[in-house]
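In the two complexes below, chain A is the common chain; its partner is chain B in one and chain C in the other.
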Partner chain A sequence: MRVKAISRILALVVPVLLSLNSHAFAATGQDEAQVHESAAVTAPAASGTLEAPVAGAATVEAGAHEAAGAEGHDEKPGDVIMHHILDNKIYPIEPFGEIHLPEIAVKPFGIDISVTKHVVMIWLASAVLLVVGLSVGASYKSLSSKKAPNGFANVIEALVDFIRTDVAKSNIGHGYEKFVPFLVTVFFFILICNLLGLIPYGATATGNINVTLTLAVFTFIITQAAAFKAQGVKGYLEHLTAGTHWSLWIIMVPIELIGQFTKPFALTIRLFANMTAGHIIIYSLIFIAFILKSYVVAMAVSVPFAIFIYLLELFVAFLQAFVFTMLSALFIGLATAHEHHEEGHAFEESLH
Partner chain B sequence: MLTSGIILLEGGLLTPNPGLIFWTAISFLIVMLILSKFAWGPLVSMLEEREKGIQSAIDRAHSAKDEAESILKKNRELLAKADAEADRIIREGKEYADKVRAELTDKAQAEAQKMIASAKEEIEMEKRRALDVLRNEVADMAVKGAEKIIRTSLDAEKQKAVVDEMIKELAASRN
Partner chain C sequence: MEGLGYLGAGIGAGLAVIGAGLGIGNIAASAAEGTARQPEATSDIRTTMIIAAALIEGVALFGEVICVLLALK
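Right after this comes the complex of A and B.
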């Protein structure tokens, strides 16, 4: 079956490639319009026979051409990439058209809270996470501690246990329990957002700096609150001086203050850049074939490399979710580190 | 390609969108609140319960092992004690038997000695009685001889011969 399909594809592709090459040789002296036309002719023919990524890309190109024809000027690959990466009030479902997302007229605090593509993805991610979480939670309610969990609950339990022991407990230490829900939720939230960006018709909400900034701000608030709670206002202010001589405070206090803000900033940029970069690379690799107008490049470079990057992105989706959670736990642990110190002193004093 | 680079630099990627921030914050908070109550709460408490269960099971296994070891040790001690006891009993039995045998032998020897002694005494007594009887007889014979001598009158020759004969008789009967 598979051999038959491959041989059919080859039978269709090889003549096309040969004719394209002869065209290229013949068209060296001709104007560009003719080459453009030949590419436009071969594109629909290819879309029926080639495999999904190329076909999808071909239709994207075709759609771009239609749009370009309507607007009267040629759309650049960069525009298409940015259109894919950036947020929009229009949700494109490529060959079938697009959905105009509803505008919300109410503007609390003067901000436009209209639904956009990434808002839809966030809601989708929240819905998936709620369904998964509630079904797992329900299965745990009916489970006694003597029985082993099974199926999907086991997978979630393994991840939750990993975050609880290896991320929260080892980085925060004493009193880690109250941060576990936040860390687990942020891990799954980012993971599902990342993975939704990798399925067809999806968009990467975590590739938008506003989303990552919001998540990082949650970490920042929790870190600061934990620091205040652990050290008190006096201890917090003392921490800002880093225990140096008072004459150095004029240097140390600004540095420590900046240090407080670089942590969430780093979290924001890291997640945003990682998720955006992967998508830009995949699109750029696909567009190489369209810019060079060559099927050889498509078969030899674009598709294999795009698939490789896609697999890498799958790994990165898990990795970045883990890194965000890990660093959040680390920052909370750093903020509450003084607690242990003081408790140790109190313990020693109680011994004397 | 150049235009795409310019677009990337021009921004769009870094434009703030308060609406998206708003929705992200609201969605994340709601999800976190719901899940921490209905999903992570039961899950984590279950994990803790299971951890405790495993720990207690390990503790119980350890204590059972210790108990078994102590019982084994006690058993070994008891066995060793019983062995020693048996040895002692056997040794004592042997000693007692030896003692009894020695006693019996001594007693038997003493008895034999006593019997030999009494036999000797009886023999001596018999001998003495026999000698007494002999002596009486000899005296009677001497008296009879003297009577004969006196009867056969005063023949010296005859007297001498009679005495000699009598002495010979005596010697012969004595022997």
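Right after this comes the complex of A and C.
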């Protein structure tokens, strides 16, 4: 956790330092740029402009990110990082060019519903989920009671059983079976989306706040529906008063109402910020080498630290999928735990 | 004066991380203590620890997102 905190600091401070640095560089002129061989060799177009060092960085970058380098003469590293984090309609496959995703001209209610990079990744994740689920499910049909599942099915069974027992059963309790399909689906969908962002040519769909908000809205709807079903309308309204005296209702009811909406909001921001922060850290570490224009820094700092953060991100991909599922189960459990609350109310009434 | 926005973002990020670090450090310390006293409750303690750490982390991330918005404005 401490390493994560330190890397978060780096993620936020480094882009700021980089942008300040490039301003300072631009002011001192291009003598500096000539000294560093990497910039001098690879920035022929930029000589004579004030943005020489930045353009140098962008052109060195062009080996890996052509789109950024091509028109990147006045682009700061922060802009290049954001270009890779944010969603857009061009799917880059760098050495081979790029794919312009099809645009949909029809805009219902003024909303652009064109296919974007993250939409492609969502479809890919859904396809992977379908293939894995159907193949593993089919392999169970051929099993007899004496044979244990082997290979890939065994891995998936371990994860599904973990979600069923340790997440759903221990947090929701009685009547948890209804929510297991949702929890397992959301766990594997987030996990696959997170992991797709870590492979080459991938993008993190869960690093897009619209995707995480949609997932959180599903949790919100299921939580509210479960609360109504478990407690009835009267019980639900009683729950909003938190069992307090009627004179406190004017305070308690708004607080409880806001509390219903902060839960999905926190789920949204947590997943979005975690996945985005990891990618910003990796890009920032790589950009240190381009800003300092040094092979030594690239070999000693950028590449080892980027690999380290990458491995940390692999862990975070699993952790965040687990945390989202766990908190969804916890919220559903809180909403449906009516027996416990009634005992509490009865206890309070007996005190009066 | 444009630099002050970056300064604010950096300081804000640092403060948010200090808070989150203190909180998560306290949780980890208590969890280690609890596990040492009662090794049979390790899995329960771990689950509680992860939930509490995730909640604290969420609050810290709100701050960090605001700092990123400030820095990239």
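Before moving on, here are some points about what is shown:
Throughout what follows, the second predicted complex is superposed on the first by the 266 of 352 C-alpha atoms of A that agree within 3 Å, B and C clash if a C-alpha of one lies under 4 Å from a C-alpha of the other, contacts with A are read in each partner's own complex, and residues count from 1 in each chain.
Quick note on the criterion: a residue touches a chain if its C-beta (ideal position, glycine included) is under 8 Å from a C-beta of that chain, and two chains touch if they have at least 3 such contacts.
Worth saying up front: this structure is predicted, and the values here are computed from it rather than measured.
In the superposition on chain A, A:291 makes contact with chain B only, while chain C stays out of contact range.
Within the superposed three-chain model, A:78 lies in touch with chain B and with chain C [touch as defined at top].
After overlaying the two complexes on the shared chain, residue contacts for A:330 are found with chain C alone; chain B is out of touch.
Of the two partner chains placed around the shared chain by superposition, chain C is the only one that A:166 touches, whereas chain B remains out of contact. Shared-chain residue A:270: touches chain C; no touch with chain B. Of the two partner chains placed by superposition, A:259 touches none, neither chain B nor chain C. Which of chain B and chain C touches more residues of chain A: that partner is B.
Chain A residues 78, 82, 280 lie at the interface with chain B in one structure and with chain C in the other. If you check the complex, the residues on chain C that touch chain A are 3, 6, 9-10, 13-14, 17, 20-21, 24-25, 28, 43, 47, 50-51, 53-55, 57-58, 61-62, 64-65, 67-68, 71-72. Note for the complex: chain A touches chain C at residues 1-2, 5, 8-9, 12-13, 15-16, 19-20, 78, 82, 166, 170, 266, 269-270, 272-274, 277, 280, 319, 322-323, 326-327, 330. Considering their complex, residues 76-79, 81-82, 85-87, 108, 111-116, 118-119, 122-123, 126, 129-130, 133-134, 136-138, 140-141, 143, 145-146, 156-157, 160-161, 164, 177, 180-182, 184-186, 189, 205, 208-211, 213-215, 218, 276, 280, 284, 291 of chain A touch chain B.
On chain B, the positions that touch chain A within their shared complex are 1, 3-8, 12-14, 16-25, 27-28, 30-32, 34-36, 38-44, 46-47, 49-50, 53.
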